[in-house]
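Labels for the chains are A, B and C, by order of writing; each one numbers its residues from 1.
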Amino acid sequence: MTAALATHDFSILYVAANNARETPLFYSVISLWAALEGSILLWTLVLAGATTFVAFRSTATLPRLATTALAVLFGMVAFFLLLVTTPAADPFVRLAFPPENGRGPNALLQNHPLMALHPPLLYLGYVLFSVPFAYALSSLILGEGGDRWLVATRRFALASWALLGVGIVAGAWWSYAVLGWGGYWAWDPVENAAIMPWLTATAYLHSVMVEEKRRLLRTWNLTLVIATFALTILGTFLTRSGVVNSVHSFTQSAIGPLLLGYLVALLVLSVGLLLWRSSRLVDAGTLGAPLSRDAVFLFQNVVFMAATLTVLLGTLYPLFAEAISGAQLSIGGPYFDRVEVPLALALLFLMGVGPQLPWHGASRATLERQFTAPALAAAAGALVALASGTTGVAPVLTYALAGFVTATIVQEFARGVRARRTLHGEGGATAFANLFRRNGRRYGGYVVHFGIVLVALAVATSQARTAEAERTLAPGDTLSVGGYTVQLVALRAVHEPQRDSVVADLAIAGNGADQQLHPALVQYPNTTQAVGSPGIAAGARDDLYTILAAYDARGHAWATLRVRVIPLVSWLWAGGGVIGIGALFAALPPPRRRTVELAVAHAAAPAK
Amino acid sequence: MSPPGGRAKGRILIGLALAIFAVALALAARPHDETNAERIDRITSELRCPVCQGLSVKDSPSQTAREMRALVEERVNEGRSDAQIQAEFRAAYGDWVLLSPPVFAWTGLVWLVPLAALAAGLALVAGRFGGAPPAPDTAAPTAGEIAMLRDRVAREESADT
Amino acid sequence: MIGRLARAGIALALVALIVILALAFRRDPHDIRTGTVGKAAPAFTLSRLDGAGPISLSQYAGKVVVLNFWASWCVPCKQENPALVRVYERYRMSDVVIIGVLYQDSTDSGRSYVRDLGVLWPTVVDDDGRVSLSYGVFGIPETYFIGPDGVIAGRHIGPIDEQTLVTGIEAIRPAAAR
């Protein structure tokens, strides 16, 4: 299929519909996932890969469990193969009369290299979660109430979660760089569909620790796995069936009912099994006190569930309202912001508190020892927020909590390093590296937490302190916003083989910047409305985001520019990267003892 | 681990930090008079752009959104109230044009359910703690209790779907 | 261990979810109802594209008015134009008036469109978009049917065909005029 796209074989309908002779090779190859059929093909491929992996790696260690899990996985592969062969999603439909040229990919999808990254990451995330799900089902079918399936699938769950998370950030980045409104998240139904399984998967990754350490919450963890998996299918359904309005509804087809059937079958099977086996899933311990790590995990789970439920409700409510009363209403950003921001702040707080508390319960002395520095850091964070001119309760709270959480993370690392230095006599750098080697899950987790802090800061700051101006300028005129001066140098028309554009040449000065930006309105032959392409000067402190909103078509005598100065937004992408790196550390297997010693010797040598 | 003097110091520091934090928060929350520009931003961020996919009138770069912003600006400068301006757009575009549904209508359910779910979840979790730290003496949570938790969540869901 | 009530609750919630999703297939996400159908048509006075002075809706009180929002950059508008031309010919001598409203377009492009496509009915220019906003226009082409009583009787989003136009007009024409 990729070959067909790269060579512009228009006798295949999919190629003809999504590709054109003028499309550059890079975008030809990645248009494999530009539309439904190609996506399903990719999905099937990845699922088959994961199944093969399980077949080779895991059947030896846990034969019974893995074999049943394999059966479940094969069932899923069969479903997707079925999809590929149905007329609804057959990617290889041949055209009797191959057209001279294809329609070309959707304009929004051939604008940015991030398109190469965002969809496959999400698909990988979605698909990999089917492995924990298969094991969970297998565990239920066999009635092996043990916790072994957790251990067997921990890395799959983590990888799936990390890919989803990084995929979501990549999608936000794409939206920021392409859609031309200066934002990265719009609570669009399909964005919601991606965030829901991520939320439940996050809850699962944490509550699973309670089960591993304390043998608690068995039924709950199974519920979370099933919920996460069902939400990934629901997400696919919402994206692909076209029942909701969305910027992502690039493709709609008859696949909707099939996916819905799949979802129903999965839910009936898994919920039925869960109910049937629930009496066997008895917890083996008692819950700690309200001020214990167990408790924080539970609170965290409750908040995550409330957040997921809100997103689900907000996404489906318009459908519900219309089905019941025929009323058409919208649920968008303001609703989600109002409900989700307090929940997110609560989660940020718990993220700082949890790791500082021991399992079972904490004494007063422990609390004081653990929270003196973080409390001071929180106060400092709040002061930084005020000093930088941030207003509003939620942003200031975010800054304070960011300080709080960062301090707890630094404190954890400092203590870990100190402990290693005392116990093993290692140097500072070696001890630091060994924290990841020996307990990657824990310290990788802290790195992930730090990534979340970066994301939170970026979101709070960019929402609270974006400066904006919109003006119609003649060539030579300037506009000032947020310390920058933007001059319209010229307007010019650009003709490329696959598109025509009108480009505004802007000279940027101020805040140490001195460069040219080229926001444009791009007209693709297959669309009626011109697509805006923003000009962005990215920086660590802020981004200057310029949009060509309108122009004088006759004489290029004026252009309406919309300019946004968005502080710290690049921290969001950095935070996504940090999350990915942290997850990588957490997923690395702890080395066997012997290799550790060797590695330590190696690491110690250059450190001296 | 820490000497008694250090502990007292720690307590003072925590107290100090909390005080600074509270003052900062109070400063951040202090009411101030809304400028016209802020009012326009607030009103337009609640309106849905008709030609976009779920973007607000404030965020959208489309021409329709720019015309709507200009109209809101004119109405604000004329001294119309928020309710009057919203009513004008609702007359033309229906409730669809509001990005968050009104709280005091049957659509208020969408606001109530998350709160209820959160409260129910917290109540259930909190109900399972009892012992003073660090010696937990609560009864073992049974599968039944967990089932109750899930059941509650499920019932919240059924309340809205 | 799980109570009967709990089982029923879970099952009910999931069934409800599925039913909603299944019902959603019947819904066309692009069919958006406006708030103005059934209400008095918002009054306007706009200048004509051909420069022959302003037009007010109130001039046509007692007549059936077909208000068609279009632009030269709008491909479906070109598609529906022949239907409008035929309907215009059919009702030329009657109490049915067609008025085009130029939407988010320059007067130059509008004029050449009118010339090239043989638009003979009057077109007015909605320069600042206020009239489009007051009617609740989502995306053009959009056609509104205003009765002799000045109430908007119907609206059609997207390219319209002759049959739909005639049905819409006949539904609100006073019986005496037919």
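Structural remarks
In this text, contacts are C-beta pairs under 8 Å (C-beta built on N, C-alpha and C of every residue); 3 or more make two chains touch, one makes a residue touch a chain.
Just so we're clear, the structure is a prediction, and the values are computed from it rather than from any experiment.
Using the mean of the Cα atoms as each chain's centre, the chain most removed from chain B is C. Ranked by the number of C-beta pairs in contact, the top chain pair here is A-B. With centres set at the average Cα position, the gap from chain A to chain C is 40 Å. Chain centres here are Cα averages; for chain B and chain C they lie 37 Å apart. With centres taken as mean Cα positions, chain B sits 22 Å from chain A.
The residues of chain C that reach two or more other chains are 1-2, 10, 17, 20, 32-33, listed in rising order. Across the assembly, chain A contributes 245, 249, 278-279, 316, 320, 328 as residues in contact with two or more other chains. Residue positions 63, 94, 96-97, 142-143, 147, 150, 157, 161 of chain B are each in touch with at least two other chains. Contact residues of chain C toward chain B in the complex are 1-3, 5-6, 9-10, 12-13, 16-17, 20, 32-36, 39, 42, 104, 128-130, 132-139.
By the touch criterion stated above, chain B contacts chain C in their complex at residues 50-51, 63-64, 67-68, 70-71, 89-94, 96-97, 142-144, 147-148, 150-151, 154-155, 157-158, 161.
Chain C contributes residues 1-2, 7, 10-11, 14, 17-18, 20-25, 27, 29-30, 32-33, 73-75, 106, 108-109 to its touches with chain A in the complex. Listed in rising order, the residues of chain A touching chain C in the complex are 234, 237, 241-245, 249, 256-257, 260, 263-264, 267, 271, 275, 278-279, 316, 319-320, 322-323, 328, 528-529, 553-554.
Taken together, the chain B residues at the contact with chain A in this complex read 1-2, 7, 10-11, 13-14, 16-18, 20-21, 24-25, 27-29, 45-46, 48, 53-56, 59-61, 63, 66, 94-101, 107, 110-111, 113-114, 117-118, 121-122, 124-126, 128-129, 131-136, 138-143, 146-147, 149-150, 153, 156-157, 160-161.
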